[in-house]
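Note that the chains take the letters A, B, C, D and E in the order they are written out, and that residue 1 is the start of every chain.
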Amino acid sequence: MSEPFEPKIVGFLCYWCSYTAADLAGVSRMKYPPNLRVIRVMCSSRVDPVFIIKALLDGADGVLVAGCHPGDCHYQKGNYYARRKVALTKKILESLGLGPERVKLSWIAASEGPKFAQVAKEFTEEIRRLGPNPARAEIFL
Amino acid sequence: MVAVKIEGNRWEGFKGFLRDLLGEGAVGAVVVPYPVPAGDSFAHLLVKEPSRVDHAWPVAPVMTVQGGRVVSRLTRKGPVEVPTVVVLRPCELAAMRELIKLNQVKPQGLLTVSFDCPGAYPLRSYLEGNGEEIKAAFLNALKDFRLAGARPLCQVCIRFTGAWADIEVGFLGAPQGSFYLIAHTPQGEKALEALGYTGQEDLAEREKAVEELTASRVSEREAYFREEFGPQVAGPEALLATFHNCINCHNCMRVCPICFCRECFFESNALKVAPHNYLMRARRKGGLRFMPDTLLFHTGRMNHMSLSCVSCGACEDACPNAVPVSRLFAMVGDRTRAIFQYEPGRDLEEPIPFLDYREEELQEWEEPYIQSTTHCPSSL
Amino acid sequence: MEKNKEKKGSEENFTPRIVYALCAWCGTGGSETAGAYWLKYPENVRPFRVMCTGALDASYVLRAFIEGADGVVVSGCHPGDCHYNLGNFRARRRLAVMKEVLNALGLDGDRLWLRWVAHGEGKKLVDTAWEFDAHIREKGPNALSRRWDT
Amino acid sequence: MAKTAEVPQDLESFLVSLLDLGAVEVLFCPKFLSEGKVAHALIPKEGSRKGLAPLFPFMPANGGKAVSQFTLEGPVDRPVAVVLRPCEIRVLVELVKLEQANLDNLYIIGLECGGVYPLEKMTREKGAAHLEAYNQALKEGQVPQGIREVCGACDLFQPMGADVVVSVIGRDRPQLAFLTGKGLELASKVGLETRRGEVFTSQSQALLKTKAANRAQLLSSVKERVKGYQGLLEVFGKCIGCHNCSKVCPICYCKDCFFESATFDYEPISYTQRLEKKGALRVPMDTILFHLGRMTHMATSCVACGMCEDACPMGIPVAQIFKAVGADVQELFEYLPGRGLQEELPLTTYRPVEFTELEE
Amino acid sequence: MSENDRASTVLIYGTNLAGYRVAYALAKMGYKAVMLNRGAYVDQYGNQVLAQLPLDFCWACGHMPQRLFIGLGAMQVLYNADLLEVSGEPGRFKVKIRKRDHYVNNFACTECEACIRACPVEVEDNGNKRKAIYVHPEIAWENIFLIDEDHCTRCGECEKVCPTGCLKLERPEETIEMEVGAVVLAPEFDEPTREDLAKFGYGTLENVVKSADLARRSLLTNFVKNSLERPSDGKLPQRVAVVVTPQYNQGVEYESYNATISAIYRAVRTKELMPEAQVTVFFREFRGFGKGHYRWYEKALELGVEIIRAQDLQVEEGKKKGDVKIKYTLGGQDRELEAELLILIAGQKPPTLMGKLSRLTGVEADEHGFCKVLPFACGKTTKEGIFAVGEFTGPKGNPETVWEGYGTATEILEYLGDKNFAPVPPPQLRSVEGEPVKVGVFICSCFGEFNQYLDLEGLAEKVRGLPGVDHVEIIKGCCTPPTMQETAQAIKASEVNRVVLAVCTPLQKLLKYRRTVMMAGLNPLLSEFLRLREDIIRVHEDREAMKEKALALIASGVEKVKKAQAAPPPTEAFTSTVLVVGGGAAGMEAALAIANRGFPVTLVEREKELGGLARDLQVDLEGHDLSAYVAWLTERVLNHPHITVLTDAQITDMWGKAGRFEAHIRQGDETQVVRVGIVIPAVGAESFRPNGAFLYGKDERVVTQRELELSLQKGETPRGPVIMIQCVGSRNKARPYCSRVCCSQALKNALALADRGVEVAILYRDLNTYGFKEDYYRMAVEKGIRFIRFSLGDYPWVEAGGSLLKVTVHDVDRNREETLEAARVVLSVGIVPREDYQELVQALGYKLDSQGFFDTETSMCPYEEAIKRLMKPWELSSNGIFPVGLAHSPRSLVEALLTARDAAGRSLTLLGKPQLPPPNAMYVSAVRESKCVACGLCVEVCPYYAREIDEVKGVARVRPYLCDSCGACLVACPSEAAYLRDARGEQMIPSVDALLL
């Protein structure tokens, strides 16, 4: 109870853009919060909505999906599908009152190291504001 | 063998025993049925904190998920990392032991606790009834071992004690307001000793009670299948009428602890046939039911697993349309198992009959050929 | 057989569909010997070849019963003489269970026969075909195979 | 306005005449197994047509799924008339998009649906007892008592995509409407004289309004009930993980459900870690994940046929919840499952500019 | 002679089973053989197995692969052949042979029988009518066409109609000469003649029959009541007697190893058919020393078969007409028994060909008239480069015959040049991936023959109407080279990728059919064969119904191929090294035979010295110098460049399967890892320790035979009579087997004692002096050694009275109790398995047999392991583990060496091949990994150790070259995770449906 809340955030980053951006952020020694734990995927469209839900049910306080900008996908249209998938996931969470705002989609190009740091920071703050994911302590999930 | 008598309320005593096992560090976790958040059913919980055991229902009035299956899911990939007590009904334990033979349960690190099972209510009647009243009636049954409204198969259950467990919790034959803890294995003994229990209680009364109940259950079971249930389902007419309710969902197979396959043969490509095949069969039969292969599924499944069927009744509970599946399987299984005097779960060393053979056996199932018959017109 | 015909006059036209499951070694060999000697048996007996009687899955037998067969008879190497050492011992256990499942459900396990036939035993195979055909004619049609609601 | 005709005798004899007069060679239609029990049946020309039950208010399996099983391996090579309820047709259309069914040579006879009774009710109460009241309600354009919740709130009971529509609501005797060339072909083959007429009655149109209101009400109440993790667990807590909802679901066409794959067999350490973190843990895990995950897989195509709820041994209102969520996500993508073959599945298509609100 | 000068082909004279095995082993090792057949066709002269094996134990499928090798070009068979001359030297013999080809070339014949129909000559044969050209009535697995030269008019009608030209009435006699590296003499079995058996009433009394006659009579039905009908009046006899003739016919015939068990078996089967009948078996001794024999003996007693161990026996006419009277002596008393039917179990005669072959090749005969072979070798005669095998060298058991073939092949290799045989590589197959399924049905008309029975055109028309059939064609055939070629072309031209062939008999011609499909570029997995001829044309009459059935069978085949999937034959790497565990005589022998061919062998012995039990041996009963041989062997092994000997070493860990085992061997403080492809367990066995029984261990005057022998070697002679007790710890419930060596050992020691003037009595149950050992039995009787028979339930009793021991025995033959005095009581203790086998067995994933030895399960077949199993063509079916010596089964040293040579031979057929394909090429079982949950059911039921659990993936895995595609796994698997590549569930279910068309 007394422990201060440190959000745990899972970030699914596409290999070609966002993961490279995260790399760049690291190389350029830009500071971003340690709360974001990165999982590399080949394309943002690889992120099955089940991954997002699994992360949330397992106690992640937020999930970030990031990929190349629309029109810029390494696989041509993967991120368009990803966008639909995230929209679907958020809608389901919304319908069931499970807090769609814990899921975030962001386009971060390879060169956008600073943007990556900024998105990470902002999203962490946003989640910190939302408080812990109630699923965290739920034993029956 | 260590056997001790514990005085006091059986219900609280049982839970107390589990709590002590956790508390004394004899084990690191307990798997036990537990009320779900809405309080209208039970689910298995893996519990670490002793205090939580107070809310558990080691003997639950219904069987929601078959415990053998729970243990299988827990250990399929490898044995538990912390020593864990699993509280199982006798039929769940039998299933779990059968699954050990099938490599679907890794028993290392598990301490099994089972008990004299008064039976369970049909899932449906429990869900629809008044939960609190039913629970009260059920707890009462721990005293006199009569459970009105129990599932029909439970009423003729013949393996109702936890004798195959590491530690057996015995109610039968114990004076009111007491129960026995009996360790059957070195692991069980060690656990009891860790709680400071030693000694060898005289169990003659209990053995007598168990024997009597078994004897009457055996004859009731036999009579039930032969006189009451059997005639309702035997023969093509009655059997197909029984399966008219089947909607082919295969849920009986899904909840079955013994049906451990990842994909059922009867859902596999083997039965995916081309339209002309359906038409051919329809022409032969004057029509074809859709979804097809109901009878094939049930009888086929009987061939696959009736030898290992523990008559737990999970299938019938899970049937959405009241097909008496568990009784059908128990009736058939009693007979197929009798061929080999096999009992699932009895002995871990006893191979599943299909894996074993004797060179000279079962000749009565062969068709004798004593004399060349004269049917053949071009006799040599 | 003559007697049967009188008794079941109404079903005189009943020609049973019979599946003869044969292992690829002795069973099939037996039927080849029958052929080599031009021994005749009823046309309604149809061979179904599996590698070993121990490879005869219950689902094939049940499928046959449900989808049109009036009887299934199984032949393979004699016990102790399996091409694969012990397939037939296992087959016998499986057959016993298949028959007992059918019996327990009132579906007449006697429509399923097991009889060992070695490669040279062509006449035994033919005798078996005739005997089984007569046996099934006596029994009449298999109700299951003519039901649409299976 | 469409070409319509009243059935000469009753619907059953019309269907039989399709076979007898050679309009089709096979009929795929619900049929009585025994009193009060029906199943879909594949009836060839030479088969028995006794006991057809096209309108019997009962759905032992989704007919769309049954047709899918029939045609999964390839098209039928002879004309088959299939009698389906609206939700079953919509399933069939979805499954065709998913390559799980084949429409070639199928003549779809769509029923205007008054809803069906729950499986349990039908079995336990020998449902035929309600039949009279049911028919009376339909005649009057009312929602019959006791039918499934999702049926009571179904505003898609007028079939879409059928070659022939059988209209029953507000009528004494069913009326046939021939909406496509294939439909008209049937009419001419059995020698029915058609005239121009309305497909559905005014009672039917009125019922549409009632049901739309019911729907709105059901959706909001259900969503209220399952709201948040608490609500979700109150409702799904008793789930026994049998996955029967997915098994009977016509849209869940997967051979092996992802949630039953080896992916969800956990290494021992997974349990240990979670146990450490939470102190207690439901086993097997993933009860809720399964439902939410399944939702993400199929909610866009869910036709709310109600089979899942019927088949749930725990009486969880699965169909109502999926209907509610499905409604939201389908609206999101402006997609109505089963409306037409040309409509692409939402997750296999996209527009370059959409959902801009997701991005900053 | 240098290797380059040697010839590579081997001449095999005769067609006995061991001869076949030599040829077969050589073929597998890469050498060609020419088989000289005196007869006009295969098996014209009965070989030992044919003569002895009753029909219920069919070995067709075991024998067939050997025949198939003839087809593959490894063996050439010359018919009506005679050996005229042998000259030259070992490694390059010149042989001159006269031969005349068989009228009908069986390998080109389609068996259409057009010739038979065309033949105008009708012949009356044993009450049946046949033509002058006819099919051999007794050889079940091959249709052999014969011409009855006495009746044939040479009209030539048959030749005219023969569609393949395989029949030629004029076959010129030719004399050919060739060079061969070695000659193997393998002439067939000589049965006793009518005269030889006259003393048993054979030939004079109608109701005296030979067991072989019964077999002939029950050719097509097996042994049933009809087989027992009396020749005189067709009555079913109620009193049946069985006599083992060689035991009463000394000097005329020799007892084959199967004689007594044949009698027991025949009695058991008779009793099973007619439980009410009285069945009596006569023999002097029960010599059931094979695996499982004793069990049958017990079964006979249980069923109420009467066994009379008559000392002498005569047969005359009975009182009632047709009956037979058997007069016999038992315990010195004359008795008699009347039987309605007498069955004779005949023995074996010395080969009539001995003189001739001796003249031609220079081999010598032994004192019994059989070919003399050298001890401590396999098939070596006194003439170098000439070998003799099988029944030609004496009576043999089935296993010995089979082993001898392989063993001799390894010896022959020494005399051969470069390999000269390699199977023809399979045709190139095309990939059908991505193509839509196109099914073609090819209906064979057998050169038009089938048209007269079946309306093929009409059938083809109906087949065209089957759903999913793209092409239907009537073909001439696909079993002769031209028709195979034509059909392959037709398949190619039709552009189908799934093939159904409606033909004749797949068992015989399967490989040709598969080859035809392969010649069309298709994987044979994409094809199915069904039999128009054996399943329809020849067995039915109603033409309409036949057509209907043909359609159903074809439809079933079509459904099966539709879902067929092609897959290449998997291959696996094979490590060409061998590990021998145990450095006793057998282990050393195996190691040496393998190492001599240049393959590395590691030999692990846990003791400091090699030699094992054999180190103590001096001579055996026959007088062979065992110690000299063992010393020579040890010397060779220790100094062999290819053998690594690790003494004082232990295997600490071992795992793997055939082809790649890994063993960790500790020697002192060092552990080394050895990777091998084959493991030869040669871990020996132990003597039974009769602790306490018969005062053993309590009174030092009670010793075992071995202890007696050691003391005799030291020159000690017992002062006073010696009593030997046989079967101590053998042939009882706990160890229901004969240890085989103890009777010989007892006789050897008894004779030695008798020579020193010691009085000896042997108390025994059955005296197992099999084969030529019988001579020594007779010698012992002559020397005054007493033999007293006791029974299993009544063992002798030893008491330590006064200065001499007292032995009380119940003499069952005379039915009286006798008390004897002895200075020494000598126990003949049996051989028992070692307790530490289990470790090795577990490490190897192997199984012990029911008696605890290192062979796989014993079999129901009483004939010393089913012959089929012995002849398994696929050596690896025992998981690349070839147990030898006593670890395999109790045997004398000379016999144990034979097991070692067999193991070496089997190894040599595998070693040197880096990749091994599975025995059935692409037809192996496989795993659908996504469905598998590693329950292990398939692993348990696999008879060939071909499956194991992959612990990392958590699924089952197939070791393809161990798989013989029996399908046990697919039935054991309740899911569809295990499957045969040609019988997937999705193929089988629709094919069942279509069969019921």
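Following the convention adopted for this analysis, a contact is a pair of C-beta atoms (placed from the backbone, for glycine too) under 8 Å apart; a residue touches a chain by one contact, two chains touch by 3 or more.
All values reported here derive from a predicted model rather than from experimental measurement.
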Original post:
If we look at chain A and chain E, which chains touch each of them?
Top reply: B, D
**OP:** With one step meaning two chains touch, work out the least steps from chain A to chain C.
**Re:** 2
Original post:
Using each chain's Cα centroid, which is most distant from the centroid of chain C?
Top reply: A
Original post:
If you tally the C-beta contacts for A-B and for B-D, which one comes out higher?
Top reply: B-D
Original post:
What chain lies farthest away from chain D once each centre is taken as the mean of the Cα atoms?
Top reply: E
**OP:** Find me the chain with the mean Cα position closest to the mean of all the protein Cα atoms on display.
**Re:** C
**OP:** With chain centres taken as the means of their Cα atoms, state the distance from chain C to chain D in Å.
**Re:** 44
**OP:** Using mean C-alpha positions as chain centres, tell me how far chain B is from chain E in Å, no decimals.
**Re:** 48
Subject >> For chain C paired with chain E, centre-to-centre distance based on mean C-alpha positions, whole Å >> reply: 31
Original post:
Quick one: chain D and chain E, Cα centre-to-centre, how many Å?
Top reply: 65
Original post:
Among the residues of chain C, which are close enough to touch at least two other chains?
Top reply: 37-41, 58-59, 63, 67-68, 79-80, 86, 90, 94, 123-124, 126-127, 145, 148-149
**OP:** Return the residues of chain E touching two or more other chains; collapse runs of consecutive numbers into ranges.
**Re:** 220-222, 224, 467, 859-860, 930-931, 941, 954, 985, 988-989, 993, 996
**OP:** Scan chain B for residues touching two or more other chains and write them down.
**Re:** 36-37, 43, 45, 76-77, 244, 262-263, 265, 269-270, 272-274, 276, 281-282, 284-289, 292, 304, 354, 359-360, 369, 372, 380
Original post:
What are the touching chain pairs in this one?
Top reply: A-B, A-D, B-C, B-D, B-E, C-D, C-E, D-E
**OP:** Enumerate the contact residues on chain C facing chain E in the complex.
**Re:** 17, 19, 24-26, 28-29, 31-44, 46-48, 50-52, 54-60, 63-64, 67-69, 77-87, 90, 94, 118-124, 126-127, 145
Subject >> Touching residues on chain E, where the partner in the complex is chain C >> reply: 55-58, 60-62, 111, 135, 140-141, 143, 219-222, 224, 505-508, 531, 533-542, 545-546, 548-549, 552-553, 556, 856-857, 859-861, 866, 868-869, 941, 943-944, 964-968, 970-971, 980, 983, 985, 988-989, 991-993, 995-996
Original post:
For the complex, which residues does chain C have touching chain B?
Top reply: 1, 37-41, 58-59, 62-63, 66-68, 79-80, 86, 89-90, 92-107, 113-116, 123-124, 126-128, 130-131, 134, 143-150
Subject >> Interfacial residue positions of chain D with respect to chain C in the complex >> reply: 33, 39, 41, 47-48
Subject >> In the complex, chain E residues that touch chain D >> reply: 467, 930-931, 954
